[in-house]
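You will see two complexes here that share subunit A, one where it goes with subunit B and one where it goes with subunit C.
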Partner chain A sequence: MRRYIVQRILLTIPTLLGVATIIFVLMRVVPGDIVLLRYAGEGAFVTQETIVQERARLGLDQPLWRQFADWIWGAAQLDFGTSMWTGRPIVSEVALRFELSLQLAVMAVIIAALVAVPLGVLSAIKAGTSVDYLIRVFSILGLALPSFWVGIVLILLLLSVFHWSPPVTFTPLRVDLGENLSQLIWPALVVGYRYSAVATRMTRSAMLEVLREDYIRTARSKGLKESVVMVRHALRNALLPVITVFGLEFAFLLGGLVVTEQVFNLNGIGKLTVEAVVRRDYTMVQALVLLMASVFVLVNFLVDMAYAWLDPRIRFR
Partner chain B sequence: MLRPAGAWAHRAAGATSPRTGWLRSFVRRQQLGAASGAVILLMALVALLAPLVAPHDPLETSFLLMLRPPSPEFPLGTDAFGRDVLSRIIYGSRTALLVGFSTSFVGSSLGTVIGVASAHFGGKTDLLAQRVMDIFLSFPLIILAIAVVAVLGTGVLNVIVAITVPIVPRVARVVRSSALAVREMPYVEAARALGASHRRIILRHMLPNVMAPSLIMLTAYLGQAILLEASLSFLGLGVAEPVPAWGLMLRGAGTQFIERAPWLAIAPGLAISSTVIAFNLLGDSVRDALDPKLRVA
Partner chain C sequence: MSLGSNGKSTRIWSGATAALLAFGLTALGACAQPAPAPAPAAPPTAAAEQPRAGGQLTFIVGAEPPSFDGHRETTFAMLHPTAPHYSLLLKFDQNKYPAIMGDLAETWSVSQDGLTYTFKLRDGIKFHDGAALTAADVKATYDRIVAPPQGVVSSRQASYAAVLEKVEAPDPKTVVFKLKQPSAALLSNLASPWNFIYKAQALAQEARFPEKNILGTGPFRFGEYVPGSHWTGTKNPDYFQKGRPYLDGFRAVFIREASAQVAAVRGGRAQIEFRGFTPPQREDLVKALGKDITVQESPWVCVLVVSMNTEKKPFNDPKFRRALTLALDRWEGSKALSQIAFVKEVGAVMRPGSPFAMPEQELTKLAGFGKDAAAAKAEARRLIQEAGVPEGFSFALTNRDIPMPYEPVAVFLIDQWGKVGLKVSQAVRESSPYLQDLRGGNYEAALDFNCDFMDEPDLQLIKFLPKEKSPINYGRYSDPVLDDLYTKQSLETNPERRKQLVWQFERRALDEMAYQFPTLWWQRIIPHSSQVRGWRITPSHYLNQDLTDVWLAEK
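Up next, the complex of A and B:
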């Protein structure tokens, strides 16, 4: 197992380096350069001197190889420079909003798992019935309905039924747990629903496959209770591909955060990303894109670990 | 002679006419997909004939008609600029279909060429191409699209580029794995033995035989691309006003106008959802019809 972990970590490093390289290249193919583009976007008159100064501050007057080395070296130390909009260090701007997005993500994952696994299992057990059909429609809709629209409709419903609307300020977890949860449960439901869609389908098909196995027949014929057969024998084996799907689909969770934070007016990483793009805060955009890609790579690394831990065959391959 | 549809043409064998036989058997076996196809065709027709179908000019603003609830004159009400919502939805289908078709077509074509070339050349070229594709796959779809928009700016053309970029590596990876199998086929070996050029082997012998996975990926990404365009436009990072686009129409609907004009929030969302559902169902059916084993994540 240890050898497998080391191997996987060594594979992750070049991927992260590649990700940082692509972002570096992307930000340098901007027509003109980011300083010119930023000031052109503002429409105000800017002297040549300011532009030269700003370029020097961002290190854009250095040769390309030097800029690249600085970017990689900085990223490795979590130093991304300062925001072109607020002038404050990017790390502290991100840290301010990280907690909210992290909590939202964790809640969405829990909701998705609580929705996907039971529904998938039920769908498989009742395959071909109207229950199965309903659950499948539910998951197809989860894939097709834009999460920002689900959010808008949810707000509309909450407004007309409970006269509740998204609060202007966010209450952190430590300050007031009840208030915090009542704020975040709705966006978490929206993100979690989208996230659960593919996992529900995967649980269903994995269960259907497992239920045909010989050992299920054996378990039943030795008189085990049906619930024991389902949970201990079937579900345990069906969960492996489901975990993979959770890892792959994590990309959609990140995308869901970006969109849903906007709908519910939550000041998290997603909202920061959108604002950074709108404000042409290029240093911020490159840091955030790197952050999200790294999180995705990291989650898939963890999923691979979980997979290897659950299925010993993987490590010895 | 290889027909362009080489890999799946055999399925149509036995049908009455070789040209329409595949369509007939598709409709018979994939009823849901065929129905979705019909819906999409209807939608394309509406988009094409928008000037004839739409009751009003989608760009015409009026301060007197701001935020009017649905009425016989404005069946879906008017927006904050007094524009007719129904007409904007009809014209919005042009944006959605344009972005959806162009991104998935260009994305899957580029991805197919890269995938086939990567498999054909093999060795170091293949390794390098696959590593680059892997790195691109480390970016969540929407995040990469947002990064491209950050560089290029908003607008229809830039959004098309932004959505195409993340589709290419996803198609390339799937097509490459099919192309690896095709590469070992006797007819490709024969072409190599005859001294055919790389170009000829790739275009003439390999490409026609990976059309099935390529087509599957194309249809699979149609719905996703439309959803992505709507999301970007909703965030203000996609199509820019005053171009009618469904995602853009929902901007502010959940916050600013939710109490005064709830109708603004419903119709564009239904338009996006039904279109994406139709494309997803069609995509699933095309996949089932062409290759039941291939899974598109």
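Up next, the complex of A and C:
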């Protein structure tokens, strides 16, 4: 087991290096210029000398290999430099937004799990009944309706019915729980619903498969209570693929809630990423992509560990 | 906007999509009624009511400041949160725009030859750190704008460097501006909202100090800035104007998405957004909030301009360019578009209604500005034929990926050009590659824009100067006639004679040569909480943002 863990950790190094190289090259291939956008974006009369001077200040006049070497050396020492747009340290820009994104991802996954697991199990147990159909319609709607659209409708409903809209700035959980939840519960519900739909369908099909297994029949024939059969024997085995889904979704939620963050005006990692891409803020985009890749690697690793915990066969292999 | 769409640098609209939109637009125009008056309450003024002290104003800013330096930045996103912390030498009078009033300057005089401007500063002005402001601070500020030290960017350096010889501070209360040549626009330029007066000592220690620090003499002291979230300011008890500001503080919240901005105003999370909303958003707010919302509107010193790359055929032919402007029925377009987008007025290079605007009688003589649309279109067809351009000639209109008002205006253009036998597609580009293409001449025709802080020919005409002089002349032409007229009008201090020169310039640029031409001028629409008083709309979203006179009425 220890050897396995060490191997996995070592594998992250080439993975992250690959990601860093790809994103560096991609950003340079995409047309656009951060300096032009900043100085000519609103039509100002800015001379070519200013543009050249600013490009030099940002190091954009250096050869690409030099830019890459400087950046990768910094990243290896966990020094991601400063944002080309704001001049502020990237670490502080990201840290500022990470708390909100993390909390939202956790809340959305909890909501998704609380909805998906019971509904998926119920749907499997009651397969072919009206309850099953209702749950399936509910989950298909969750897949079909884009989260941002549900978000807009939800805000309009709050405005029309209660003449109230969620706060527009983030208050950390530790500062004011009520204010914090009154802002984040809505996007968490919207995103949680979307992901519960995927997980509900996954739980249902996994449960249906497991319920046909011999060991379930054996458990029932031993005279175990149905609830014990379901929870200890069926659900525990059915959860393996569901955990994978939750793990990957969680990693995605940390940086991928681009549109939902815009609709609810959340100052999160997704919004920061989009703004950085639009501005061609190379250093910021590179750091964010590397961060997201690291989160994916870490979450995958944790999911594999969870597999081992849930399925002893994996542990002993 | 999704990451996916950002990754795509170009999106070409299919002819079918454009046609469908154009059809909708035409249908809308056909049944166009004058836009319903949006329950407009006249902006209450401090003179009409007793201003009430206290409270915090929350306003929306649609983007974020890249840095805090007014001399460097060019975006309203920097001005709106930072302007309340600073003073200017002069400023525009919000109640009498375009009149100028003193801000730090109490009085001023101009020498007979128009080459020396002397300003006397007010007494008792203090920076937020307690230090007294002197003429040396004003001098250091303008020296930084005109001749920035190494590593400092001064975005408007060119506007001043051509005119200003030097700035002197003979005593702590006197500032003298010596000019190389007379300038009709100097006083207005000294009221530029970008020219925050900085502390000389801070600049001497670190020339880039204002990029990351706030230290002004304005009505509000800096509170906090949380990037991506908000910016706050608190009342400056030592502000030199006694009894001001009325507010205890302000909070600027950064909200990028238009629907989220509207929801914030509607839900009472913010009281105002100073840039502007669209007519449908205005209607939504008026319908939802009734008397709790007040709408202020003004023509805006911003316009979308059709730029043509004169280095490419057939855009190098004035006949073809003239045909393109003739094909546009701006008057009908205005009726339709003003219901869905914040564009409205028909005008030449100078904003309609502004002191230098061409009167309608003269304007309608310019190609594409007349009221007989059928005759203009027939003439356009004739010119296209004369230029040797075949029926059904196709080209791409490069456009920016900002939906409002770029998208509806582009659809209008494509529809109008379709009516004279041209097939135009829309190439929508992200802002950054869009600017790169325009500046690099990698386009055929494009929807460009011109937006300034005041109505001033020196600013609005600069786009038409020879490409060697003007980096924002994306048409890439050089016309010595325009260059000469520009210089003449700039030196002319007699307003009436200057006006004539400006009109001459407009006739040459828009009619004879049709290098570039405006579409419709923007209309600034500000629906705000009726609690907000003492703020009056001006034709620019860059002006009047220091919040000195703003106060909040009781709910």
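Here is the rule we use: the second predicted complex is superposed on the first by the 268 of 317 C-alpha atoms of A that agree within 3 Å, B and C clash if a C-alpha of one lies under 4 Å from a C-alpha of the other, contacts with A are read in each partner's own complex, and residues count from 1 in each chain.
Here, a contact is a pair of C-beta atoms (placed from the backbone, for glycine too) under 8 Å apart; a residue touches a chain by one contact, two chains touch by 3 or more.
These numbers come from a predicted model, not from an experiment.
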item: First (subunit B), second (subunit C), both or neither touched by A:Leu159; value: both
item: First (subunit B), second (subunit C), both or neither touched by A:Val30; value: both
item: Which superposed partner A:Ala293 touches (first subunit B, second subunit C, both, neither); value: first
item: Partner chain(s) touched by A:Trp149 [first = subunit B, second = subunit C, both, neither]; value: first
item: Which of subunit B and subunit C A:Val263 touches, first, second, both or neither; value: both
item: Touched partner set for A:Arg97, first subunit B, second subunit C, both or neither; value: second
item: First, second, both or neither for A:Ile216, with subunit B first and subunit C second; value: neither
item: Touched partner set for A:Phe252, first subunit B, second subunit C, both or neither; value: first
item: Partner chain(s) touched by A:Val274 [first = subunit B, second = subunit C, both, neither]; value: both
item: Doubly contacted residues of subunit A, that is, touched by subunit B and again by subunit C; value: 30, 152, 155-156, 159, 165-166, 258-259, 262-263, 265, 273-274, 277-278, 280
item: Footprint of subunit C on subunit A - complex, ascending; value: 30-34, 36-48, 50, 53-54, 57, 85-88, 93, 96-97, 152, 155-156, 158-159, 163-170, 258-259, 262-265, 267, 271-275, 277-280
item: Residue ranges of subunit C touching subunit A (in the complex, touch as defined); value: 1-3, 6-7, 9, 64, 66-67, 73-76, 151, 153, 155-159, 211-212, 226-230, 253-257, 259-260, 263-264, 266-270, 288, 430-433, 435-437, 439, 448-451, 459, 462, 470-472
item: Complex contacts: residues of subunit A adjacent to subunit B; value: 14-15, 18-19, 21-23, 26-27, 29-30, 140-141, 143-146, 148-149, 151-153, 155-156, 159-160, 165-166, 198, 245, 248, 250-252, 254-255, 258-259, 262-263, 265, 273-274, 276-278, 280, 282, 285, 289, 292-293, 296-297
item: Subunit A-touching residues of subunit B, taken from the complex the two chains share; value: 131-132, 134-136, 138-144, 146-151, 223, 227, 230-231, 234-237, 247, 250, 253-255, 258-259, 262, 265-266, 268-269, 272-273, 276-277, 280-281, 297
